[in-house]
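Before we start, here is the structure in question, set down as structure tokens.
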Amino acid sequence: MKQGIFEIVSNKKIAKDVFEMVLSGDTSDIKNPGQFINIKLDGFFLRRPISVCDYDEKTVTIIYKVVGSGTDVMSKLNSGDKLDILTGLGNGFDITKSGDSPVLIGGGVGVPPMYNLCKKLITEGKNVSVILGFNTENEIFYEEEFKNLGAKVYFATADGSYGKKGFVTDVLKDLEYSYFYTCGPMPMFEAIENIAKTSGQYSFEERMGCGFGACMGCSCKTKYKNIRICKDGPVLEREVIVW
Amino acid sequence: MVDLKVNLCGLPLDNPIIPASGTFGFGYEFSELYDINCLGTFSFKGTTKDARFGNPTPRIAETPNGMINAVGLQNPGVEKVISEELPKLKKCFNKKVMANVSGFSVEDYAYTCEKLDKEEQVGWLEVNVSCPNVHGGGMSFGTSPEMVAKVTKAVKAVTTKPVIIKLSPNVTNIAEIAKACEEAGADGISLINTLLGMRIDLKTKKPVIANKMGGFSGSAILPVALRCVYQVYDAVNIPIVGMGGVSSAEDVIEMMLAGATAVQIGAANLINPYVCRDIINDLPAFMQKYGINSLKNIVGGAH
Amino acid sequence: MVDLKVNLCGLPLDNPIIPASGTFGFGYEFSELYDINCLGTFSFKGTTKDARFGNPTPRIAETPNGMINAVGLQNPGVEKVISEELPKLKKCFNKKVMANVSGFSVEDYAYTCEKLDKEEQVGWLEVNVSCPNVHGGGMSFGTSPEMVAKVTKAVKAVTTKPVIIKLSPNVTNIAEIAKACEEAGADGISLINTLLGMRIDLKTKKPVIANKMGGFSGSAILPVALRCVYQVYDAVNIPIVGMGGVSSAEDVIEMMLAGATAVQIGAANLINPYVCRDIINDLPAFMQKYGINSLKNIVGGAH
Amino acid sequence: MKQGIFEIVSNKKIAKDVFEMVLSGDTSDIKNPGQFINIKLDGFFLRRPISVCDYDEKTVTIIYKVVGSGTDVMSKLNSGDKLDILTGLGNGFDITKSGDSPVLIGGGVGVPPMYNLCKKLITEGKNVSVILGFNTENEIFYEEEFKNLGAKVYFATADGSYGKKGFVTDVLKDLEYSYFYTCGPMPMFEAIENIAKTSGQYSFEERMGCGFGACMGCSCKTKYKNIRICKDGPVLEREVIVW
């Protein structure tokens, strides 16, 4: 973990209620896709944990949905504004287990962490399929970005306004894959757990206090021990999860 | 050259800064962020006789300038604390630690304190009496002078190290409770534990945290903490460890003027993990600004 | 079309918004800022048997997201309130007002309430039991179930209008106090009064306010207020007027979900004198946002 | 009283720890010299009451000293920043009582309200003397501004670094005047009260809650009744003051 002051490079709306923010600063502590950063906002006591969508040596990109007063304030910030941010939080995804043809499954605001993961896996020469689930077409973002990485990209929308009508599992059930990685809402996880044919990794969300393992606010039981979603997670391997 | 040294129940502290229990784990994880030997000491995660997972999640809610937590004393139990956590701490902390103990019966407290008292790494026992008394209809020990006296006597009977009783502010007369602790043999008082608070989610229309209510902490509660420390300072002659909403060097000075010999930092650690180190670095400049040469000389100065 | 109407102790309110006692004077000065007839009602400045100047100044201190006041019940006394203040109010307010009463003996309360009960402008009597009982060693009436019951019975015996007892949060068990009020005949409970707090000036090294301690209010205390209202809602069957840190339409909805039939706005009036009007204007949009058709239907919804 | 959003035109240091801020907005409720405005600052619960130094149809000028965290934040604000301000607070000075040759006595941060008062009295054709007291030379501000109004300006500094060595009363005792107006610290008021030869008006300071008469936080006893410094004051006539 590192604390640093980041400057907003850009902060723009990319879908209904969804914003992409690019921040420049010391990203040296971000090690794996699926990690998150924790942002201090003026007027709010707790930091806002947001998963990393993409990062390089000098910048980190996050995608967030305006769901409350905190994210609303974030959406109104301008390029040039500075933010106090903790980086390198959480374990992130383990890409060494992907096999040759992993599938990445993102639902709604669970889509962003799939982007850097996809990038890493393709760099590793993997044959990556990506399933992105949304409620409706105007919530969709990053279609081109995923395609430009060279992944096979499938869409599922609850109302059928784009891609397959239904849920990510309606796509997943007909795919062949060596391993799966997923981030999204709990009902989606349960649906995946019911039909997944391989091992995989789930990235969990929980209301956090500190985000770095001090407060035990986001504890969770696994088959083998109690863990902290923020520090020992947010990514858990399928085999250890207690549903 | 300003002097930050204080003495807490007979043990010297390089400075009065003490990360509060439940916000600093067992220390070693923070030692990856900075050398925690710069601290006066720290109070480790509330430890009970048996291991506890604590409450269901969500356990955290935000409030204006504060937060609510309902972790529920998650800890591995005193045996594992001694066999696994303290050895890890020994590798990165060469000072005495404050052992924070919780219990649900007088026997619990005595059992856990007796075990921890024997550990040479432990310098003080901080007894959290805000937990519900399972043999007392769930009412918190800390709400009755008789009960806190019972706990204090039981712990003192089986320990040799300074016993500091950590009081809840959710009472009608905290001075009376503190007096009862002193008369029962307590070596110090620490306060305030969290206020009881709650938030409701307007979308779900239900309490934000699974446990409904929880402990309210953060800058918001500073004025209540200062008032309680001020009242208790007038009521007892044993040292006070002040806490509640402290997040800056100036807050530390204010808390000591109210009557605190040492000061714990709680929720602030969760927002800025470096806050205790920063406060220790900031203190000399603020002492000069306010004409303070030695911190030990300002304790209770506002009375 | 959303419905803001509620009913408080048998009297209809156009909306649940009530400026709290001590933050709205006797109303007429705010009527220069906006038409105060948009309010549900308001609770006027705490009135006592005899005129009081109150405490020496400074009476005000700032805290993180809040403030402390030690005004000390300054008021012209019940005779002048009736002969001078109420006539001025009549010119600009055509609704029933809530008469806030304080006293230092059971007789005081009865005397002042009996006089105000006869005024047709008065709709409710709000009895503040947080004052020290001069015949009880200065302990606040509101800290003992027996004392609040005594005050409640004495006031009910000489009045005809709904009597609402305003409780202090500085107690171990507020539900028990509220129950005692209900059993003694109270028609409603209002809470929370201010928390007891203090600040110390680092330059003078003395308490900021002349009275040392004072009443702590403002957004900071919202989670304590929500918790108390939630607890009291479980304990009594009479309506609750919720207050404490409420400063927005969303806070109002949260307070009603906790169990409040009407909601008072206090400190927020001192920062934004138009806040009550603004909240009333904002409520419909927020009710729609959270799927609420009628405010009266969400009272206690979080239970 | 009026609530309005004001934009900072300028905010510059004019003496040791002393800043001058010019704000543009609706000043129509500012009626008299000696009134004050109440400023909301992000991160602070209570507003900051600051006396009006000068005003016209579109702007109001304040001069403030950095004494705490609030004024420190103010000193760091930039032109273009917007502030929520209550204007037209307090009674202000009554210039109809000045007579032909009033004397204005300002001490330290009590100097600013004297400026617009001086301007108004000179416009009325009065023969105005101004005595400005400071601790030392580097705290002095607005010397030229007062002189440009056409007032006789005298200085007193405690350390004698500028003007008369001593206090404003050391100047006042040798002057002839028809009436006095003063704003400054309590010890200065007591010294003036001891030697003043005419009637006059004192502008008092007190820690305030609301600043517009609602909270009774700044009550004060006078010979005839209890008043609120923020609403019935801050200016009191000599005859009613209880010392």
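Order as written gives the chain letters A, B, C and D; numbering starts at 1 within each chain.
Going forward, a residue touches a chain if its C-beta (ideal position, glycine included) is under 8 Å from a C-beta of that chain, and two chains touch if they have at least 3 such contacts.
Owing to the predicted nature of the structure, the values given are computational and were not obtained by experimental measurement.
*Asks:* What's the overlap between the neighbours of chain A and those of chain B?
*Replies:* Touching chain A and chain B alike: no chains returned.
*Asks:* List every chain that touches both chain A and chain C.
*Replies:* Per touch definition, common to chain A and chain C: B, D.
*Asks:* Measuring centre to centre with CA averages, how many angstrom lie between chain C and chain D?
*Replies:* 36
*Asks:* Just the number, please: Cα centre separation of chain B and chain D in whole Å.
*Replies:* The separation of the two C-alpha centroids amounts to 47 Å.
*Asks:* Counting in whole Å, what is the centre-to-centre distance of chain B and chain C, each centre being its mean C-alpha position?
*Replies:* Here chain B and chain C have centroids separated by 34 Å.
*Asks:* Distance between chain A and chain D based on Cα centroids, please, to the nearest Å.
*Replies:* Result: the chain centres lie 57 Å from each other.
*Asks:* What are the residue numbers in chain D that touch two or more other chains?
*Replies:* There are none in chain D.
*Asks:* Please list all residues of chain C that touch 2 or more other chains.
*Replies:* Expected reply: 61, 63-66, 219.
*Asks:* Within the complex, which stretch of chain C touches chain D?
*Replies:* It comes out as residues 22-25, 29-30, 32-33, 45, 53-54, 57-67, 69, 71, 74, 208, 218-219, 267, 269-274.
*Asks:* In the complex, go through chain C and note every residue touching chain B.
*Replies:* 61, 63-66, 68, 143, 170-173, 195-200, 202-203, 205-207, 212-213, 216, 219-224, 226-227, 230, 245, 250, 253-254, 257-258, 290, 298, 301-302
*Asks:* Residues of chain D touching chain C in their complex?
*Replies:* The contact residues of chain D facing chain C are 1, 3, 40, 44-47, 86, 206-210, 212-221, 226, 231.
*Asks:* Within their complex, state which residues of chain A touch chain D.
*Replies:* 42-43
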